[in-house]
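After the structure tokens below, expect a handful of questions from me.
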Amino acid sequence: MNSYLDDKNGFYGDFGGTFIPEILWINFKELKDSYESIILDPSFNKKFESLLNNYVGRPTPLFYCNELSKKYKTNIYLKREDLNHTGSHKINNTIGQALFAKQLGKKKIIAETGAGQHGIATATVCSLLSLECIIFMGETDILRQAINVSKMKMLGAKIIPATTGNKTLKDAINEALRYWINHPECYYLIGSVVGPHPYPKIVAYFQSIISKEIKKQLQEKKGITQPNYIITCIGGGSNSIGAFYHFLENASVKLIAVESAGLGIYTNKTAATTIQGSKGVIHGSLTFVMQDKYGQIIDPYSISAGMDYPGIGPMHANLFHTQRVKFFNVTDNDVLQAAYEISQIEGIIPALESAHALAILPKISFKKEDIVVINLSGRGDKDLKNYIRHLNQFLK
Amino acid sequence: MNIIDHLFKKGKNKLSIYFTAGYPKLNSTKKIIQILQQSKVNLIEIGLPYSDPMADGLIIQKSNKKALKNGMNPDQLFSQLQLIQNEIQVPLILMGYYNQFLKFGEESFLNCCKKSGISGLIFPDLPLEIYKEKYQKLFEKYELYFICLVTSQTPDNRILLLSNISKGFLYVVSSISTTGQNKDFETDPLIFLNRINNLNLSIPTLVGFGIANKNSFNLACQYANGGIIGSAFIQSLDENDLEGSIHRFIASILY
Amino acid sequence: MNSYLDDKNGFYGDFGGTFIPEILWINFKELKDSYESIILDPSFNKKFESLLNNYVGRPTPLFYCNELSKKYKTNIYLKREDLNHTGSHKINNTIGQALFAKQLGKKKIIAETGAGQHGIATATVCSLLSLECIIFMGETDILRQAINVSKMKMLGAKIIPATTGNKTLKDAINEALRYWINHPECYYLIGSVVGPHPYPKIVAYFQSIISKEIKKQLQEKKGITQPNYIITCIGGGSNSIGAFYHFLENASVKLIAVESAGLGIYTNKTAATTIQGSKGVIHGSLTFVMQDKYGQIIDPYSISAGMDYPGIGPMHANLFHTQRVKFFNVTDNDVLQAAYEISQIEGIIPALESAHALAILPKISFKKEDIVVINLSGRGDKDLKNYIRHLNQFLK
Amino acid sequence: MNIIDHLFKKGKNKLSIYFTAGYPKLNSTKKIIQILQQSKVNLIEIGLPYSDPMADGLIIQKSNKKALKNGMNPDQLFSQLQLIQNEIQVPLILMGYYNQFLKFGEESFLNCCKKSGISGLIFPDLPLEIYKEKYQKLFEKYELYFICLVTSQTPDNRILLLSNISKGFLYVVSSISTTGQNKDFETDPLIFLNRINNLNLSIPTLVGFGIANKNSFNLACQYANGGIIGSAFIQSLDENDLEGSIHRFIASILY
């Protein structure tokens, strides 16, 4: 096991824990008591991997970018999570957790969603595995992401609007937790490495397939055991931890997580948690969170719905704190620039979230022989409206 | 000796009222406490409004949002309470989320509570183990009671454990619901309350989450030392006739 | 070589040929003289397959559908072309042809598109291989498919509207051909197994990867060399021929191509070419085409833009004529029904085109032990608007 | 002997006019032919309007669309032509797409052409090999000429081949363009026309595709036996003054 991910009672260093109302205690006891024996079981993993391969389309390619490498005078590989069924890494986790829920005998799944990616991935898996599915989504997001709402409905999911707070992702999670409190028979299928222990650990485990494949593919392609850099975006942190997982112990692999600066880290329109945030509890986990001096959570801002979260997962809080992972941030404008660049020189329209990872390229000086892996967490179809709005600005 | 213990020495049928500090107006808190005390309420729970009240129902969520907009925060609350400290004889309980405690600085927080006449604290999301490891000594130092919750989902052995840690009383969550769901008492909750009684706990119990009227309060009193009313009370508050609306509500419960 | 695909001077049985103006004769001479030596060259194929694997994400899974199989009391596999980069099988062909064009020394690519799938796939490959890209698209389609137009622009392509005729796919092809006549230095990258010889042959070859993989996957999964059925939709015929290719000679494999009946084959709102059409020339190829008694091409209709073509490729005309392939047709309503069904029981939102293949399931009685492979040619993201319009009708 | 051959016996500077049958009105065809004959045009090419005229420019496309909407079709055209057959002495050439020929039934089509006084046919998308294999005999049977096109993209040996198949004249496409692009003669086309001349073909040549005015027509005549004007003529047609507009246009070319 991995020292960075090896929890002591659900804590990663100072961070993590299970800060939940008593009424959910028994649910978490069930999770804690069973998750290791279930998800580490070889027959469970066989089922999991079979769906990843036959349904999701894994392994995803590790693609060498000729033009991008030339431009940044190094060797850039993209881990193509955008090619997964439903368009992002989110499905790795939903497949894993839905199988886990089935093993626990659950028949009904609840989940939150922001832009809709996790909601679609959850609705998809529930359709596949014949589970009832309820998705909580902020009312504001429902209006902004009408297409994704329709997708979820088409997949048979029921959508419940969160009408409190800012009516976005954070409120959807609150609403899902409240619903769970009233319906403890449900399985709550959380969408990132956030929330109370053991969720971060479970999600990280299911996402670790990303780095497992990177390792194997680097060996096959280049005969090496590790890259020099792994670069990811971080909203909650699930694609990031997935891409880092098997390299955390290799101190010589430089790990970089890119947050959304939004309009700028010194504006109040930002989602750069490690800069604007401090130690605190959000959604049942002790981590870094954007809050005022009384511990009230501050509403974040990012052009990208998946980055628009006021916290980061507790594992990342620890990785930040111990400086194992270096955190950067990029503005909305940097992100659009990067998205247009890769569209026009590699033919890949990235998710706005993933474009955060790409946007860091001009800010780092790589060596010519460096092997740089960027986790392309998702495709940009869902972000077209935003991209179109800026078409004239970025067309060469 | 903590005045909560005094309270439960004198028998049963204790009425506890929960409301949100800073709601409906920033300065309502003081007035609400004074009126509640006049109307013979036995215990007052003050909710510290929070941006993300995970365990609360819609009515309390809304009151939280309004209170925050009004400018309520722990500093405000403590200074408001200090102004009326001398007139207050009913025990005051402060209910908040762990992050508020943490961010304020835990020891400062307890110190302020003590100075403001608070007798006990409830943090519904603070795990038992963390309390014991990090805060129990500090609570004792400031002579503040840490009050635990149990629910129908809590197994017997854990109820025993929590009743041993909890001080003053044990908060019995009567139904599987967030606050304010307004389902009247059903069969199931009674089974749960019977289960609690059969455990013969040495600590008094108050039933909360779901009590909305005289009937449900009386039922709670049959099984426990009293009941806690929150959402129904908050909903009954009339901004323009705070005093009248409170008296009418309490009267509807007690008489 | 395959007797059904072995041309005699560019003819498949009675169908095919190169019916082009003299001005393009030299271009076609170049194509005919070079295509075999180039595309059959092992080093070319290595490059092609490397991009298919590392960029497109091939092989695509052959996914066994539990619930669908139960429902139709047989064994249904989906060939998941929807998981390809850009969302359909179209990219197999564009990668192949763009590499071919580079080999011919071409620097500028022109292509037509209807709904935008082939346009996006072409723009994508041109971006990747640093080729100039011009896409012809009917003015009506440009308005209907605004998102896809923006995608192409984001990928760096130039869009030229076709303003003649119905201003849809057929007119876009005419416009592209006219542009080519005026700019014979371009490479015309056609989007289906239509057009003058040798295009159908070239496109079929690049799409044959689909059946190559099916064959291998059936062997690996079931230890068998062939399925009992292969079912595809047919617009021009590229996904269809790709899925049939390596099984054409195995007479015991039942091959089914599903056309769009539109509102019904006896209405004048249909695209069922084999029913409504007759022998004729369209876009330089002698095939089946919907035409009036004077040979004027009739405008087709289908709910699905990719099926909305008044012809079929010449290979299919021959496969229809020789009865090697059985042709069915399904109405718009059947198609929506099938799309909702698979979304809700397998968690896959199919392209409207692909849903034509699925819609045939209730109309055939399979044996319990039959192995049925359906080519899921693309994903439904592009069709959400249409699906949403019918949400209430089909939600269970 | 085909009257096209008569025409080219009498020297050079032949003016051929192309127009679309059924444009601007369904019945214009007859009238246009009569007026063109009056105005001393040497050869008339009648375009059979088609839904998908792949090799034509915008002006001809539009005239095709209008003509089809007007109801033009081969049956119409043949019967219209038959009405004026006796008055017409200039050779008539019919230009259409292969699919129209095929769908009509090839032999019937040729039969109708013959009966309508047509002397030659152009199908720009009918390949040489198919013509030779399937239709050459039939054309001969009906004494109709099959006229081939060559372009600057056509290599010398193929020009020779085509000039051997083509009957009456060889249609020389003057510039790499669809019809009506209106680029005036450039250097490149002249190189091409010189190349043709150097081949010393035994068949007369007419230059087409890009001739719009007197200048370009005269240039064409320097290199070939004459020129063909299509788009410019169609554009000049005034629906309300067919006769006047035609006379003015032809005068602008010839005088």
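Residue numbering begins at 1 within each chain, and the chains themselves are lettered A, B, C and D in the order written.
To be clear about the criterion, contacts are C-beta pairs under 8 Å (C-beta built on N, C-alpha and C of every residue); 3 or more make two chains touch, one makes a residue touch a chain.
The structure displayed is predicted, hence computed values, not measured ones.
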Shared interface partners, meaning chains that touch chain B and chain C: A
Between chain D and chain A, distance of the C-alpha-averaged centres to the nearest whole Å: 67
Between chain B and chain D, centroid-to-centroid distance (C-alpha), Å: 97
Chain centre separation in whole Å, for chain B relative to chain A (CA means): 37
For chain B, residues that touch 2 or more chains besides their own: none
Overall pattern in which the protein chains touch one another (line/ring/star/complete/other): line
Every chain pair meeting the contact rule: A-B, A-C, C-D
Residues of chain A touching chain B in the complex: 9, 17-27, 164-165, 170, 174, 177-178, 181-182, 184, 278-284, 286, 289, 291, 293-297
Touching residues (chain side chain D, partner chain C) in the complex: 50-58, 61-62, 65, 68, 73-75, 97-104, 124-127, 129-130, 148-151, 153-155, 158, 162, 173, 176-178, 181
Residue numbers on chain A that touch chain C, as the complex places them: 53-55, 57, 60-64, 67, 80, 82-85, 123-128, 130, 147, 150-151, 153-156, 340, 343-349, 381, 384, 387-388, 391, 395-396
